[in-house]
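Both of the next two complexes hold subunit A, though its partner changes from subunit B to subunit C.
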Partner chain A sequence: MAVPQTRAAKGRRFGIIARRNITAYGFLSGALICFALFSWYPMFREVVLSFQENNFVDPPVWVGLENFKSVFQDPAFKSAWVNTGVFTLLALLVGYVIPFMTALVLNELRHARGYLRFVVYLPVMLPPAVSVLLFKWFYDPGPGLFNQVLGLVHLPGLSWLDSTDTALISLVIVSTWMNLGSGTLIYLAALQTVPSELYEAAELDGAGVFRRIRHVTIPQTRLILLVMLLLQVIATMQVFIEPYLLTGGGPEDATVTVVYLMYQYAFNFGNFGGGSALGLMLMIVLMVFSAVYLRVSRDNT
Partner chain B sequence: MRVRPMAVLLSAALALTAAACGAKSSEKDDAGPGPAMESAGPLDPNVKVSITVGCQPPKTAKGQRADWDADVQAFQAKYPNITIVSKDAFPCIVPETFQAKLAGGQMENVFYVYYTDTQKIIKNRQAADITPYVSGMKSVKDVNPLFLEAFKDGDRVYGLPRKAYTTGMVYNRRLFTQAGLDPDAPPTTWAEVREAAKKISALGEGYVGYGEYSAGNTGGWHFTSELYGRGGDILTPDGTKAAFNGAEGRAVLQTLKDMRWTDDSMGTKQLHRWEDLMRMMGSGKLGMMVAAPDVAVEVFNNFGAEIEDIGATTLPEARASLLGGDGYMINPKSTPDQIKAAMLWLEFHELTPGEGQFNHERSKAGGRPVGVPENILWGDNASGRKERELRKEFATVPVENFAPYETGSPNIRPKVEPPHAQEIYAILDTAMSAVLTREDADIDELLGDAEKKVNALLLRTK
Partner chain C sequence: MPHPTATRPPEKAPQKGPAPGRRARRPFPSTHRTVLSPYQLNTRWGRRAYWAVLTFIVMLFTAVFVFPFYWMVTGAMKTGEEFAQIPPTYTPPRFTLENYVEAWNLMNLDRFLGNTLFYAFGAWAFALAFDVAAAYALSKLRPFFGNVILLMMLATLMIPPTVLLLPMYLTVKDVPIVNLDLLNTPWAIWLPAVANGFNIFLLKRFFDSVPADLLEAAQLDGASALRILWSVILPVSRPILGVVSIFTVVNVWRDFVWPLLVLQEQDKMTISVGITSLSANTPQNVLVAALVIASLPTIIVFFIFQRHIMVGLTAGGLKG
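Moving on, here comes the complex of A and B:
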């Protein structure tokens, strides 16, 4: 506006903005208080605890990097990081691709769409403990469902969870099955936003299914794909329920993950300092990863 | 649209906060001066005291809860100056909340513990030294002193037991009969266990002769039970070095390996944890497992087993037996008067034959199983004899099913869990899961590896 404003008008304007913002802040405060109390404060405490020895009875003692040193020296520390890394990679190969493919197929279907969407989402609604018990039976190396199916097609049965070679991938399968629904729904929503003219144009140009996916679908849903990738890595790096309920870290530590080890330290070993140190390390790793990832993906835009 | 880095970063970080409060202390406990062995004297009846007590039965266990509340009433009538505030929880202790309750000032004055955790709690100085308060208690003198061991550090006492038992073997008598074995003559050697397991597995698909733990720290726990039984030890007497890499340790793993792979009598699925074997025992298809007789009550109450089918005996060839159980410790923030009141309550409710938890007459009237030797905390004295008599008088289960355990166990020395129990169990899980899931597992290598890890742990946590 070119017209110079008077002081009074300026003040009135400020008042309006402030009033409008007060309402906004009012609405925001609930979330802010919840985050502060249940997320930021615990995070802050975790950082403090990782440098302390604290039995919650006597005043805490500052121990510097002692907790970190002692966790570093634990032979399980290295395997926990390796297992977590391998789990995350496998989960990317399996768990990232499958929901997207499922969404693509569902999106192409003409009939029974609602029904299939429901079926795909169903596992998400099962409590994890139930899914995990189910898979305990499926994975039984003797009469388990999977080995019976393999037997039907004359393939030798696998040991699944009971072998160091297949335990991690078996956990990835469970985890993918449990989370498939949410991912698929998000991708489906993203696919709805792709303008159909683009497909028509591509089709007129003679593009087949795969070329259409490559040149239309993926570029159009790129943003969602990138965000989902980041969220998935963050979620899978923190894998806990699957090893906790299915394998108890075994066989031979093959499924001990960072968060599982953190749980052991904090709750079974009564060593909260060590547990907090592990948690802090994982948090830093994920923050660095996220920062780098966002940087790289932004530069490519 | 652009993804805002801060927002995503923040959500990444927030996701991590799930387990972010608590701590530990491992300050060397140089047994600070504290009060000497003198008795603390009785509670002044004119002083009003209120204490919180954990492990009141949950509302879902109506009968037990009513009994508890009646006991609180009776106790408060006897000691009008004391108020008992019961805190219910199921299960009575959840490891996830222990530290948080302490940190938040929510820990009961009289809090419930498992034997496995007592040494850790003492070392972390999270329980009050009650030595002067128990020195005058008559009932404590009648408790088998070996069961008090778990609550002691040197000659200082930090808690009192509620239940105590030694590990034996629980077996399914019906399956024994079906397999042509005599349920009144359970195996007494590991060779006989192997034979019996083979016969039970041969009953058909889904039958498991012998079940064993190997995950979530339970494998290491049972390795310890079986090692103690064979006369071995987890640590050297001074507690500075691992001692399980020897003939006894090898024998434990070799027997399991033979049963798993040579005899194929342990089922195909492994990596069992506590509730897995309970479920199997409850379903009636598991023949034998190493356990204390309290498992009989557990599988009857919560896993659908027929109590008449369950029998218990001692550990085969047992020289010693890992003791287990639970009890109460005192929040160090309690006042001396609160500790005195707590002692009166514990004596009344946990340590009087015929009263509180030992009120077998009432349990029978309430339709709960009585007669299983699930709590053998008394020594061979007046209290012990009285409790045994009452248990027999009001028995609702076939007591003869547990006779092999009851006649055998007095001759077996109870033995406490090693220090750093959970850390060591986690390490030994590896060896247990290896012999049960890998046919080519090398026992010497596994034990050597575990020995190295335990020695490193002992150095690290010194």
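Moving on, here comes the complex of A and C:
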């Protein structure tokens, strides 16, 4: 726009822009304050805390990598990362494959769809604490539901949460039960976008059911499969409520997870430096996954 | 055989269970082609296999997802003795709400439920007010540094709040600059609920799609920015406001770790944290009754808003 502007016009224009900016920042102020206080500042503070010794009475002392060193030497540190990794892997094996297969089967059914969908999503609507406490009762080695059912089919009962062998998998079962529904419904929505012609073409080429799934369904839903994989890794690595309510990290640290250890450091031992160091490490790991996730979802949309 | 290739018509989900006695003569409805072809399904063996699989799936799903609920509701009707009995009784011994009443009175459930409702409602109000205003400013008023702010807000999506628990807790305990202690106040729930990058993302993307002509017409009539937001943008944004509302309320209702840290006084607790804190000192059958009561509100909400939740879920999953 090469219209020559007079001084007055420029001034007026400046006034309009200034007013618009003032209004805009007025609208933004509430969210800006909340984001600053509860998102941006804590990110910065986490880094600061992890390099400080701070008892919140005396002024904090910079201690360099001391917090990280002491956390590394804690025997629970290694268990926490191993358990978190194993938990995530198991949760993926069970909680990633099963929803997709469930969705595949549900998509083929022509009856009872509404019921099945409703039912699979029901546990998702329970507050997680309720689901976990419910399963705590099911896991009870005595009158608990699971051992009773095992007894019905003449299998020996398990000690579930009380044994180092079964504790972690017990947590995975709860976690899968309460989260399966959302994955299933998301896959179901994705499956319905697969064009019919592709299946017809595959069928004309003589592809059987499994090859149709392999060569049509999976490639067509690849993006959502990948995105859900990353989201699930990010979500399950933050596991806290299951060990907190079911096992308290035991038996013998078999179910300590990173977030649980972080919580213990801060609120049981009063060591916010060590806790923040753990939080920072987990943050970096999760940010890598998040970055990949953003990459994937941006490249494909 | 003509297959309509468009997406399936809006959910006519046949609610009928398997009716093997009435082995349908008419062909299976072939609205949208899936892995199996209608032809395969309509062969004799296809039909048999289909009904077998359907029956199996319905039974399996009922056992895995409905039976725990049955066990919970009936378990809460048992006396302490019957509750611990081995082998257990499978049908409700008698219909009684005794344990429910006891749980309600003994565990202050009215208090916890009221608190949670209050927190959820406040979080909803603040999140909606502040996030809508912010997304509107970023989308339509476009101030200086608007894009930087948007980017910084979206960047928070990369860092799950769980890893920031400790510094967030310390912030709430002693808010910088104003030095307020928000622990055990509703603000500790309400304000962090506003800092939700996903809300901003959803709202801004929706506002971006509101045609500029609409706004210009209002601007020419001399409407203020607030007026435009209220009378032009909000009325057309109902769907997205619904999704954001449901997400916010459900998040507050389900959240556990954060209220566990910031609302530690017994009479300030949310339902999840409250029940957990009392669980050790409560007889198991009463505790289970409390669990039933705690799960009712969300399940009722689910019944009412089923469709919206599903839409929001798939939108969130696909586009998040």
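Simple rule for what comes next: the second predicted complex is superposed on the first by the 246 of 301 C-alpha atoms of A that agree within 3 Å, B and C clash if a C-alpha of one lies under 4 Å from a C-alpha of the other, contacts with A are read in each partner's own complex, and residues count from 1 in each chain.
In this section, a contact is a pair of C-beta atoms (placed from the backbone, for glycine too) under 8 Å apart; a residue touches a chain by one contact, two chains touch by 3 or more.
What you see is a predicted model, and the numbers here were worked out from it, not measured in a lab.
Engineer: Is subunit A touched at more residues by subunit B or by subunit C?
Structural biologist: Of subunit B and subunit C, C contacts more residues of subunit A.
Engineer: Figure out whether A:L126 sits in contact with subunit B (first) or subunit C (second), or with both, or with neither.
Structural biologist: second
Engineer: So, A:A9: does it touch subunit B (first), subunit C (second), both, or neither?
Structural biologist: Neither: A:A9 stays clear of subunit B and subunit C.
Engineer: Does the superposition put A:V61 against subunit B (first), subunit C (second), both, or neither?
Structural biologist: In the superposition, A:V61 touches subunit B alone.
Engineer: Determine, under the contact definition given at the top, whether A:V82 touches first (subunit B), second (subunit C), both, or neither.
Structural biologist: After superposition on chain A, A:V82 lies in contact with neither partner.
Engineer: When the two structures are overlaid on chain A, which partner does A:V97 contact: first (subunit B), second (subunit C), both, or neither?
Structural biologist: neither
Engineer: Given the touch rule stated above, what does A:A31 touch, subunit B (first), subunit C (second), both, or neither?
Structural biologist: A:A31 sits against subunit C, while subunit B stays out of touch.
Engineer: Does subunit B (first) or subunit C (second) touch A:V296, or do both, or does neither?
Structural biologist: A:V296: touches no partner chain.
Engineer: On the A-aligned overlay, A:F269 touches which partner chain: subunit B = first, subunit C = second, or both, or neither?
Structural biologist: So A:F269 only meets subunit B here.
Engineer: Which of the two partners, first being subunit B and second being subunit C, lies in contact with A:R110: first, second, both, or neither?
Structural biologist: Only subunit C is touched by A:R110; subunit B is not.
Engineer: Take the contacts of subunit A with subunit B and those with subunit C, and give the residues found in both.
Structural biologist: Shared contact residues on subunit A: 35, 38-39, 42-43, 45-46, 49, 56, 142-143, 227, 234-235, 238, 259, 262-263, 266-267, 272, 275-276, 279, 282-283, 286-287, 290-291, 294, 297, 301.
Engineer: Given the complex with subunit B, which residues does subunit A contribute to the contact?
Structural biologist: 35, 38-39, 42-43, 45-46, 49, 52-58, 60-61, 70, 73-76, 136, 139-144, 159, 161-164, 223, 226-227, 230, 234-235, 238, 244, 246-253, 259, 262-264, 266-276, 279, 282-283, 286-287, 290-291, 294-295, 297-298, 301
Engineer: Report the residues of subunit B in contact with subunit A in the complex, numbered from low to high.
Structural biologist: So the residues of subunit B in touch with subunit A come to 1-3, 5, 8-9, 11-17, 19-27, 95-96, 98-99, 102-103, 117, 120-121, 124-126, 205-206, 214-219, 267-271, 273, 332-333, 420, 422-423, 426, 429-430, 433-434, 436-438, 453, 456-457, 460-461.
Engineer: Residue numbers of subunit A touching subunit C in their complex, please.
Structural biologist: So the residues of subunit A in touch with subunit C come to 20-21, 23-25, 27-28, 30-32, 34-35, 37-43, 45-46, 49, 56, 104-123, 125-130, 133-134, 137-138, 142-143, 145, 148, 151-152, 177, 182, 185-186, 189-197, 199-200, 203, 209, 212-213, 216-217, 224, 227-228, 231, 234-235, 238, 240-241, 245, 259, 262-263, 266-267, 272, 275-276, 279-280, 282-283, 286-287, 290-291, 294, 297, 301.
Engineer: Note which residues of subunit C are touching subunit A in the complex, please.
Structural biologist: Residue positions touching the partner: 3, 5, 7-8, 11, 13-18, 28-29, 32-37, 41, 50, 53-54, 57-58, 61-62, 64-66, 68-69, 71-72, 75, 83-88, 126, 129-131, 133-134, 136-138, 141-144, 146, 149, 152-153, 156-160, 162-171, 175-176, 191-192, 194-195, 197, 200, 225, 229, 253-254, 256-257, 261, 271-273, 275-276, 279, 284, 287-288, 291, 294-295, 298-299, 301-302, 306, 310, 313-314, 317-320.
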